[in-house]
Amino acid sequence: MRYIRPLSIEDAAGLLAGSAGTAAILAGGSDLLVRMKGGFIEPDLIVDIKAIDGLGEIRETAEGFSIGAAVPCAVLGENTALQKAWPGVVEAAKLIGSKQVQGRCTIVGNLCNASPAADSVPALVAAGAKAVVVGPGTRRTIAVEAVPTGPGKTSLAKGEIVEAILLDSRLPRSGDAYLRFIPRTEMDIAVVSAGVNLTLDEQGRVKSARLALGAVAPTVILVEEAAEVLIGSKLDEATLERLAKVCSGACRPIDDKRGTIEFRRKVAGVLAKRAATTAYARAGGK
Amino acid sequence: MNFDPRYSGRNFTSVGTRPIRPDGVDKVTGRARYGADFNMAGQLVGRVLRSPHAHATIRKIDTSKAEKLAGVKAVITAADLPDLTDGDAAMYDILDNCMARKKALYDGHAVAAVAAVDARTARQALKLIEVDYEVLPHVTDVDEAMKHSAPLINDAIFTEGLEQKPVKPSNVTKRTQYGHGDIHEGFGQADFVVERSFKTEQTHQGYIEPHACVANVSSDGTADLWVCTQGHFVYRQHCAQLLGMEASKLRVTSSEIGGGFGGKTHVWAEPVALALSRKAGRPVKLVMTRDEVFRASGPTSATSIDVRIGARKDGTITAAEATLRYSCGPYAGTWAEIGAMTAFACYKLENVRTVGYEVLVNRPKTAAYRAPSAPMAAFAVESAVDELAKEIGMDPVEFRIRNAAQEGTRSSYGPVYGPIGIGPTLEAVKNHPHMKAPLGKNQGRGMACGFWFNFGGQTCTDLNIGMDGSVSLAVGTVDVGGSRASLSLVAAEELGIPYEQIKAVVADTSSLGYNDMTDGSRGTFSSSMATISAARNAIKVLRERAAQMWDIPVDDVVWEKGHAIAKGEKYDNLAALSLKEIAAASGKTGGPIAGHSELVADGAGVSFATHICDIEVDPETGSTRVLRYTVVQDAGKAVHPTYVEGQYQGGAAQGIGWALNEEYIYGKDGRLQNPGFLDYRIPVCSDLPMIDTQILEIPNPNHPYGVRGVGETSIVPPLAAIANAVSNAAGVRMTHIPMSPPRILAAIEAERGG
Amino acid sequence: MVEVTLWGSLGAIAGGKSKVEIEAKDIRELFRKLAEQYPGLEPYIDRGIAVAIDGTIYRDTWSKELPEGAEIFLLPRLAGG
Amino acid sequence: MAGVAVSTTINGDNVEFLCQPDETLLDVLRDRLGLTGAKEGCGTGDCGACSIILDDRLVCSCLVLGAEAEGRHVETIEGMAHGDRLHPLQQKFLEHAALQCGVCTPGFLMAAKDLLAKNPDPTEEEIRFGLAGNLCRCTGYDKIVRAVQDAASVMKGA
């Protein structure tokens, strides 16, 4: 086993592409080290990307925000501009693990770990976030929902690294929110989760909407019908009930140690309602 | 000198104060040494290979490849731990649990172990051990295991305690029965009867420190064992017997212990570590991973309980009955029996009958967990009691007060009670402001009572007085939560000297006589009795020495407030001699001054508690929040009240976790799905409110200061108190613990649907 | 002479009796005579039996006297946490 | 497997060590450097008993590789007291009996120190959520929360 800390993203991609055995990217390590401890992975090469210039930064650009792959989630919460523009994304990122894990974990790691229950992913999908994917001599930008393809599986090719997550700058009258259900108040993996992102028109009606659900299918799902229900509404009681129904119906959950099919279906609808209500209020809706 | 353990009322100087514990600074600076914090020169790393199957015959184990791996110094299987138990069935079960002999009986059962130069080599070696399993059908559910069609876990088990000896083996090892009166007649007199079935899932003690030990066996037959344990003397006995060693040649030192709650009263990997060290000829350190702790140590029983209680319109219970089925893991136990004994212990009953069934399942061996078996029985009984009060139209507290046991009541398990605290705890709850606080929407209040026996047992304490008058107190009961502080207070009280003048230590097995474990809430009860006795013996010596110094008869010397005083007018010119002055002269008056005590501390007082809690339920998700929690419990006498409160709060918190979220989840394959703190959800700080406590002191007549045990009773009421609160908040009776959100939501939906 | 009450399961072994009369002055004598009169009880006594005397439970004290007229109750020995 | 040479700062002292690439910082602290104050309760970041402060961030040392400590500042429980003078949090933990078995205590103290450094005047709720990554099985957290509240008021006054 080797541990290497490259200084450029190109070197990192090259190392990964050129490795003969199992190679792993180390950013926060909060998933990788747990898998190593459990014996689920024994990498031959660990590529620590934290020394790569720029990867540990959040950059504000004309188009919005670029969050580097090595930025710990705790730092997202400390960035007031990001917090103001995308409170739902930030609250989702801040829900990952404990304070201890917050100091290490990253939203890119959360995305690439490809768990259907990943906290930041429904919020990122709802936000329409994009991932910058760098490979040996390649660079492409894709929608975040295109990264995970199933539990623990991604669309990334050997040697590819997600360098950053891009979030658009905010239109007026916009708001997002993320809610998850866990049995305790902290330290749990989401049993069900919902991310909602809304923009309102001048009358306070929903103009555009994106809603994503977590832990109810093999990957986080973007529920198109939910957006259709929301658009044009002022989130009256009937709309919220329809939203809940559509979201419950969109679930394809399983029974496991964390919850039952019935529970996940029901609670997906409840969380969608509640997250939509919060996002609506954040967008200035009344 | 004959020691008189009877209670004598007195005014205390030290007992009842709240000084800082003697082991405190080491624990806040990281210097305290726990099981895994000790190392020996040349030490190897031990690791255990565990069965992935819930039930399988072990056809063959091939260790040859592992043995050839560079850095591997020993590989052992059951063959290296030959059966020396000589027909002792209980010891054989311990041996088999430490290392599977013919069959692997649960997911996580040890089948082989290695000692290697480092962890990586040890891990690799485990992978090279080839075990040929024949997988057998398994059963993990307690009710399923009782069915005739269930796979047999041990075909030599024929149920004990039946009127007719069974002709076929089964998974039920024993039936036991308790009670008195005639329940048929009693139910005949009832105007209201409540009958319900309950289930509770298996939980783990959840101590934060995994089992850890360092074993060092010499070729001369002597050995040392450093280990985190609740009872190093018992560990010595068990290890010595299983390894064929002489007990006195095995010195066991108890490390600081990072929680036990009953889980560290059983040997698990310690005999394995000793066997590895013996084979390798080097010290071996063996530390369990968290996954191993869950899969292969500790858990309590899963249960299935039926309860029937009848009462007259006036609120008098006329009959009570319960059938309790407790899982034991794959080895015989007495868990249902304890449940059967404790179930109705809070009440004064004319007609009562409880029947317990001990049930084998393919799960880890059931171990004691804080008032073992009592919380589940209390959950079932106290839920039914609440429901019955509701049917009659009585306040649940009043209903319990009306039926509470008192001095002179025949307990449901047999003996007649002496002075007890159930009535006072109920009266205190009735008058507690918590009971009158307003509740909001979706909020409910519940209360429940609990009982635990408390134990005494064999205890040995040495008290040595230094030449400077400082006192070292050597005790043999492991300090699990501040007992060195409380025992120092007791020594200070008896000797009449300041607490700070005393240093208490837990002595190793070669430095002190045998002590039973710190279990059954006995630590402070028993060791304080032995400390009082040792101090009184020391005082006798101090008086003799003072008499020598004054050259007067010892009968004229009394001990008061840390001083020898010559009694009588003729001695008016003699100034009192302090303990320090007598100690300073000890070299000339007969040598070292000490007091010793070896005794069986019997007469531990039974203990009762009543808890109140408020819960909010989210009716859309089944989520719960504990809003407020109050514990009222009888301590007999609180020696160090802060640590008594700590025991009350800690037991309540464990009970809250059990009630709401903690459970062993097995897959269809018989494998444990959640062997980690991520999905075995013990309460975190943000899950709980402050836990208010009220200490009652109803003296135990069988202890000089009136002390009862306090450690365990606090985990008995929470399951029921929370179930009653959730039921009141959600408007539906909860019968399955834990009341996880999916279970609560399903119950609410079923109620709405029905 | 003391009257000794046996818990449910133990009674079955003593020929279905829930109470037996024994001439015994202390716990040691009680155990010895019980084993003599009801050989089926011997393994239980060996495994450990607790004796409640007027409500107080004794586990290991052979020398404990059994006062005339006291309520004597035999119980199994238990595990604690 | 070749070892990684690491040069780092621990509790203000320059420390150099050699470790395996897959070795956690917790194992390095405990097994190579003799700093056994950080405990392994789970090895998966779920209990917080191994909490340390790494460049002003509270982390679980079981989820950090030893190799990652290169050039960084590590604070452990062993560096919390100044000589024989206890940190106010340590003192208040003792006074409030905020520990029973004490195995979680070093982790709690590091987490509480980090919490108060970032939020000197936390509410009870902020303390409870701030310490949610540290499991305690003995106390029910009541006395821990009170000790942190008391320490916060002492430290504000100082």
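Going in written order, the chains are labelled A, B, C and D, and every chain counts its residues from 1.
Just so we're on the same page, a contact is a pair of C-beta atoms (placed from the backbone, for glycine too) under 8 Å apart; a residue touches a chain by one contact, two chains touch by 3 or more.
Note that the structure is predicted; figures quoted are calculated from it, not measured.
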Result of counting contacting C-beta pairs for B-C and B-D, higher pair: B-D
Chain at maximum distance from chain A, centres defined as averaged CA atoms: C
Whole-Å gap separating chain C and chain D, where each centre is the average of the chain's CA atoms: 54
Chain B-chain D separation of Cα centroids, rounded to whole Å: 29
CA centroid of chain B to CA centroid of chain C, Å: 25
Rounded Å distance between chain A and chain C, as computed from the means of their C-alpha atoms: 67
Chain B residues counted as touching two or more neighbouring chains: 205, 260-261, 677-678, 683-684, 686
Multi-partner residues of chain A (at least 2 other chains): 38, 185-187
Inter-chain touch pairs (all): A-B, A-D, B-C, B-D
Contact footprint of chain D on chain B as seen in their complex: 18, 20-21, 23-25, 27-34, 36-37, 120, 205-210, 256-261, 287, 289-290, 480-482, 642-643, 645-646, 649-650, 652-654, 676-678, 682-686, 688, 690-691
Residue ranges of chain C in contact with chain B within the complex: 5, 7-9, 12, 47, 52, 54-61, 64, 71, 73, 75-76, 78-81
In the complex with chain B, residue positions of chain A that touch it: 38-39, 181, 183-189, 191, 256-260, 262-263, 266-267, 270
Chain B - residues contacting chain C, complex: 90, 160-161, 163, 174-179, 205, 260-263, 265, 334, 337-338, 341, 368-372, 411, 413-418, 453-458, 519-522, 600, 602-604, 701-702, 711-712
For the chain A and chain D complex, residues of the former touching the latter: 1-3, 5, 26, 28-30, 33-34, 36-38, 43, 46, 48, 50, 72, 74, 97-101, 103-104, 185-187
